[in-house]
Every structure is written in C-alpha cells, then in structure tokens.
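Please go over the structures that come below.
Next, two complexes with subunit A in common: one pairs it with subunit B, the other with subunit C.
Up next is the complex of A and B:
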C-alpha cells in the first residue's frame, strides 16, 4: 500500500547539513556534544499507575506503565515480567501509518526493553507473588506524539521516569489466596537507573541527539545504554553505512559524560 | 489459584441525591482547549474535560495513496479514534477494536458536513484522535478537539463542529456524564452540532428514555455544545489573534 518515493528533502539538505558539520556546526546552533532542551513530567495520567511525558526539543512522547496479574514464564517462575510496547502512531509524523507495529516501532520497543531489562532497572524478583503461579506483569506503553528525531533516547528516558513513578497495589498471600489491595499502593521496586545516548554519524563526525533532519541525512547511528555506574547495558547500531572501531569507542567515551548530565533530569528519589 | 481483588472500585455505598462531583444537572466538567500543540502535524489541538485528556493531529489536505478511496470531486475525510493503552483502568490492547472503529466512522460523519471537501478533489484530510486518558465522553471530546485541530491546519470550514453528551442517572436528566455516571446511568445521548445553524451532525442514544426525557437531554446537550463552542473559538483566537 505504501508508495516508496525518493526522499527529496534529505537530498537537498544533505549538502548543507554536511557542510555545517565540516565546519564544526549544526543547523540549530548546537555543539556536537550538546543535547536539546529536555522537559520531563511524571504522574500526568491518573488512570495509569505510572506515567511520564518527555520532550526532547520538539520530539514529544508519553509513556504509561500498567501492572497486571499474570503467570510467570515457565523458565523463570520466580520473577515478574516487564513488557515494553511502542506505537509510532500516525499522529506523530506524516509518514507514520496506522496498523500493526512496523519494523521501526518494533526496534524501538525492543531496544528500550533491552536497555531497561539488562540494566536490571526493576527488581523483577520482588514482583513474584506465588512462585510459578502469580506475578506482576508491568506493561510499559510508549506513545509517540510528535516525532522530531531521537526516539530511542526519549523512549528510554520516558520509560525510566514512568517506572520510577509507578505504584503497584499490595499483593499478599493469605490462606493460599492472593489478596490484592488497590487501596494500599507500594512503589515499584527500582534498583538501577539506566539511560540511552544516541549519536548520528554525518561526514564522519558523531553528533549527539540528532534532530529529524540530521537523522534523515545521517550515514549511521549508534545508541548506547548506560547505567548510573557507567557500565554499558545495551547498544544498537543503525543506518545504512558502517561505523569503524574508533568511532564506536569514542561514542562510548562520550556517552559516559553525557549520561551523567542526562541522569540529572530524573527525579532524585522514587515517587 | 484464587485471586481476591479488594478496594478496586471504591464507591460510596449510599448514593447522594446530587451528582457525585457536586455539579448542577446542567453543568459541564471543567475544561480547557489549546490549539497548535504539535510540531509535525499540519494542525493540532489538546483538550481536557474532567479527567479526559485528548490530543488531535490533522494532516492534509494531502495526496491520497489508496486509489479506491479517492473521490473525483472532493476530498475524503478520514478519522482515526484511538485509545492509548494506559488511558483506561485495565490496560487496553493496542490497535483498533469494534468500538473504536465505530467511533472513527461516526466522528468523520459528524465533522464532514462542516468541511469544504469539494475544494480538494482526489485528496485526503486525516484526523488522528488520541485518547490519552479516558473518563467518560471521549467521543464528544474527540470531535470538539478535532474541529479545533482542523481550523489550526487551515482547512476551510462552514462551522466548528462541537459535541457534548447528556444522559440520565438516578432518574434525572443531566449534562456531560462522567465515567461513573455513565456506568451507573440509564441513558447516554451524545450529540454534535454545527452551532451557527444548530444542525445536528451526530446523534446516538444508548439506554431508555421517555420522549420527554429525550427532548430534555437533546436540549441540554445542545446547551453544553454552545458553551464548549465558545472555548473552541477562544483557543483559535489565542493561537492566531482576532
């Protein structure tokens, strides 16, 4: 159904954006290591047990967390479940279409999921109520409202903030019955913080937090997930062109510095 | 394994004679409307009404890629009503269901009469309604916000369609049912009008009403529409000046 067309605008702006990068500049005046302004709000949806709205420049996303009771996976009977889902809804950009998640949104949710899961953000063992039978399943839904580049970092930042904002009902085992009290809410057990930092490669240079037009002309992209202690928890290379080893190592190094600053946007304590 | 869920829907046992949130029978919930809230969309609007939070984006008039939908003499208006998974108490599975498909259809039919579609043959105007939080009356909130987003996109229109529901709870006909009132209520009548002519572009009714009660509900919802209509215009004026 989709008619693939030559992307005309990127071909036109490619030269000017590349020339800017050559002279050490970017079209919005940022330096190569400078993030756009970030606005982060939490607890914005009363119906969701946890929620966050993130604006990175003009990119805007909303994340909601909802716990549900369910059965654990048979290979991990004593841990809860974290499910991450994202939708590039047609509201967010003229080329996003209705329908089942396409490869871009599947990549986005899987990378976000890996970053949170491998970092051990949520103490999933504490979400087990009855081993092998009842656990909390936390659904993280990432809703992209306005797409102006760098969805990966926005999704991870929003997910992290929404999880830190999440309260789940108290669940206890009484006489072999699970009693769930929706009046007694406890914070979701958070044991780590992790964020993601994305670079676009344009003319051999790595620039952080690419905006849409930079993403349209970039040669490659690298996203690095990092925990608060500076260890790497996830990575994803994207884009049509390769990266060399030095570029990757340089990106990792710069991520350490930038993640420290990004962490300051998260609430200091849970809830 | 037995699971006992307690305190989930906490409601007072004795029903108060007045409305639970203290409103008068003809009073709307608190609301606000903003135009031009998104960067990428051609037009956009954000609306809050009570606990409802609704975002609408408009794209178009633009090229229509699906040829069989194309109309040689006018544009097609496509609406997509969608609820965010986190917008309701029990997570909604993403994607369209029968309810949202029906609402999408009646929403586009509610708005279509106001739009000069004949000015844009063979093209499409797409309206995306996202319910970010739902608390009763989302279809009406979606229509009211969609008109503002269409105006923000510069789509030429005869009027700003506006919608509001009335219904019956505890034997009384009341305006703008909240989620609790809708659940316990006996009837719900969503109405959309073009306020300049008073013509009705959407009418549904769900529940039992006498003809007198229906007439009262219809009149009440039209009054509610007129009040919301002022806020729609203010939102446009706030964005673009007089």
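Up next is the complex of A and C:
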C-alpha cells in the first residue's frame, strides 16, 4: 500500500506568492534570475575519496564519491561505471520518510546521473583497467541534509564539485593481476563541466532557484543541465501544468547565462 | 542549593538545583537533583524551576486561540492542521448550529481560519470552535511560522512589541498560540513585518530586544532613528531595562491572555 502525503498549501500563501510574482517580486527580495547564497566546500569527508557540501540558502546537501574496482557491463567492456544514488533523510524535512527510496529521491538521482553522464563529465574510458574484466566504478552518494527547495541544482553542483575533488588510487596490471597502489593517488579524469538550473513557473513567470514555499505553489518546473560551452545535456520537467515552447526556449537562454555565473562557484582547477 | 542563574541557557542533563526546589516543566529529578531535559532557558519562579525550550512544537491547550489550515472535509466536520503533532477538528455543528448545510460551500481545503481550542481530550483529539469575537476566516495577507514558545516574546509586555509592529507597519497582525502569525497590509509592509518577526524569533532569548526591534523597524522603513535620546538615557537606563526585561518575560505569558482579547477585537472584520 502506498500512502502519499499531500501537503495542503494554505490559500493565503499561494495568493500572496502569486501576487508578489505578478508585481515582479519574490518573498525573499530576490529577482527572478537570482540564486540564494551558495556555499560550496569540498573534501569534507575523510573516508570518501571525493566529497562536497553545498548550501543553497537553507537547502543543504552532502555528496560523497567512492571508487571501487569491479567488472564492467558486458555491452560496454571498455568504460568505467558512474552510479548515482540519493537519499532523502528524514532529518531534512517532515515529509521525508526512511525506508525504500520514494519518487522524489529516484527522480533526483536519475536527473543528476543523466546530467553527469550525458555531459561526459568523467572520462569513463580512462577508468578501464582491463577491458571486460576490471574497471573503476565510481559511486556518487547524495544526501539531503536540509530541504528548502531546489534539490536538483544543489545535487548537480555538489556532484560536480565532489567528482572534481575525487582522487583514485593508481591501478596497474602486473603479471596479469591488478595491483592497486593506495599510496599513489591520481585525480579522477574530468573532461567536462556541467551544471543544472531549475525554474519554477508561477503565474506564467519563470523564476530561478525556487525555495520550498515557491516549489509548493508552482504550476510547473523545468530543470536544464548545461555544459560549460552552453550545450544542453539534460532536461527534466515536473509539476502538474504544461510549459509552452516559448517558455522552454526562454528558460534555455536564461540557463546559459546563469550557469556561467554558477560555474564560478566550482573550484577553478581540479583539486 | 541552586547551580544556575535565571535565564541561563542549559542543555539536557545539566544539574540545575537540589532538593529545596521544585521540578517544573522541562526538568526531571534524579538522586535528589533537578536536571534539565531540554535545551533552553531556565525560569525560576519562587521555588519552582522550569526550562523554556528554545525550539518547540505546539501542544494544544484548552482556551488557546490558534491559526489553522483546513486539510480535509469530512461528513460533518473539517480537519485542520494547527502546526502541531495533533490535528484539529472543527465540527459542522459549531458553525451551522442545528441547520444542515453543505460544508464545501462554507470553508474549503486550503482556507486559513482563526479558531479557539474548545477541548482537548485524553487522546489529544483537539476540538476547535469559531464562537467568539474575531474568530473566522482570513482573507489575503501572509502567514509567518515561529516557534510557539516565542509567542509571548513576540507579543511583549502588555502587547508592546506587537503593537509597535502594528503601528509602524500599519499592518493588521494576528498571533496564534500555535506559532502561526497572520499579517495583512501593504505588500511591502508585510515583508517588513515578516523580517522583523523572524528577527524576534531568532533573538527571543536575548535581552534589550524591544530596542533592537525598534531600530530595525526604523531602518527598514527608512525613517530617522527616534532622536538621539536613547544615547543620553543609556546611562541611567540599564537598571530600568533589566527590570523591565525580567518583567517582560515573566509577565509575557500572562499578557498573552490579555492580548488574545485584543487580537480578537482587531480581527473583528474577519468574521464571515
């Protein structure tokens, strides 16, 4: 049996937020194109090979990257594996429950995964040690510590930073055996940078980085993942109402400007 | 023997006093010692020690006035979220009397009401009522959520704090005991009130708050600071202030009762 909790949003809040958007304002005084304050720290978990903590306003996310030796998938014998998993821990919000991952958690990890994978952030071919036998598998674990809206942008930003922060041990082939040198660490081969930008549609306007209140009253949502060169690598639409073509094109255009600014938060070079 | 001072911040397990004192809310007794069971501020009244938590959830009490949101409509009652672990019910008979009318047409899901807690039974079933002056449905405005234990501080001594906000922002403000605050006025002023109320919540445990709130209000409204007087007076004020402050918190709880009445008067035009 699936019990879905539906949060009832007081009519008053819906109205006041919509009216604010109508007059070109937002409840926390931001413009439509403005992010909340972003704080990004990397290398904060000793036990993980790469890690990052992102705060976007009151939303807080921790990402850890863990490489492991494993067998590649049989259809792609010469590339490594990147796997993303996310956890909405009950501490973060009253309606997050422990147990099997819910819809939002699955969506979050898949969207993040798609953004990282399709952008080709990690040069997976370089993670191959013995074709068809041994490759590096990188596991990205996203933990939501505090939920105040816009998980996707935070997750992608955190994953990107964690991957750039990751160092893997050097693995060599000696006498047909894989030898891992845990003393010698090399940075994960990063060949592309990608970030995501989420818009919420309220009263026909698209506002960037929606906070929880805004997410609760929004009509629709669109998240666009973009590489550093401005090409799109992922897109996800959410919410009940539709978006028209003009709105999507506008969102894409604004994303390319906004992601440029967001890139500045990432560490300048690897490590 | 007492080991702490009034209004000192304590953490769970801190030893507060020994046997001479009585154990109040937020404390427990162990081996003849009174210890804190919460993170909060110590309140000493005569020989009774209690701890007022910094963060809390609203536990419904008979006679409180609360602001609730309708979450469900049943056959003969509405279900309400009262910002508490326990949900409230509003029986249709309380609104219609003996008449039979369609519940949907009166209040719908998402409406925000100002109510009184009529009864809380032993399993915490919360019965709400709309009988009383000023109780009813809110239209427009914004909602602000604060920790219920900080409600007395927001209202202030004899409503001083809340009246200052009302006067300066020209907004209507209604405070529910459950930590929900409704503000209605000019949209820009609503935002000012929201900022100030959030500041009060953050700094409720510090002293000299009223002055800081006044300064913040003047700053946000772009007004001149209230003359240079405060500076001149600052020499003699400290004594007065400490006195006032201590009064403020100890009396604030009583004031709430008075304030309720006042709120109702202000909310009169809200009646359907």
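In the analysis below, the second predicted complex is superposed on the first by the 261 of 271 C-alpha atoms of A that agree within 3 Å, B and C clash if a C-alpha of one lies under 4 Å from a C-alpha of the other, contacts with A are read in each partner's own complex, and residues count from 1 in each chain.
Throughout what follows, contacts are C-beta pairs under 8 Å (C-beta built on N, C-alpha and C of every residue); 3 or more make two chains touch, one makes a residue touch a chain.
Just so it is clear, the model here is predicted, and its values are computed rather than measured.
> Superpose on subunit A as described above, then tell me if subunit B and subunit C fit or clash.
Subunit B/subunit C on subunit A - steric clash.
> Just to be sure I read the superposition right, which of the two partners does A:8 touch: subunit B = first, subunit C = second, or both, or neither?
It touches subunit C, and subunit B stays clear.
> Which one hits more subunit A residues, subunit B or subunit C?
Of subunit B and subunit C, more residues of subunit A lie in contact with B.
> Look at A:16 in the shared chain and tell me whether it touches subunit B only, subunit C only, both, or neither; answer first, second, both or neither.
second
> Touch test for A:69: subunit B only (first), subunit C only (second), both, or neither?
first
> On the A-aligned overlay, A:98 touches which partner chain: subunit B = first, subunit C = second, or both, or neither?
first
> Looking at the overlay, does A:183 come into contact with subunit B only (first), subunit C only (second), both, or neither?
It touches subunit B, and subunit C stays clear.
> For A:39, using the defined touch cut-off, is the partner it touches subunit B, subunit C, both, or neither? Pick first, second, both or neither.
Touch status of A:39: no partner.
> Is A:249 touching anything from subunit B or subunit C once the two structures are fitted on A? First, second, both or neither.
neither
> Among 6-14, 96-104, 132-140 or 186-194, indicate the stretch of subunit C whose C-alpha atoms run into subunit B.
6-14
> Which subunit A residues contact subunit B in one complex and subunit C in the other?
The answer is that subunit A has no such residue.
> State the interface residues of subunit A toward subunit C in the complex, per the touch definition above.
Against subunit C, the touching part of subunit A is residues 8-16, 19-20, 23, 25, 27, 29.
> Per the contact definition, I'd like the list of subunit C residues that touch subunit A in the complex.
Counting only subunit C, the residues touching subunit A are 69-71, 81, 109-112, 138-143, 182, 187, 190-191, 194.
> Under the definition above, what is the set of subunit B residues touching subunit A in their complex?
1-8, 10, 38-41, 51, 53, 55-57, 59, 62, 65-66, 80, 82, 84-91, 94-96, 126, 128, 130, 132-135
> Write out the stretch or stretches of subunit A touching subunit B in their complex.
1-3, 45-48, 51, 58, 60, 62, 64-66, 68-69, 85, 87, 89-94, 98, 100-101, 130, 133-134, 139, 141, 143, 145-148, 176-183
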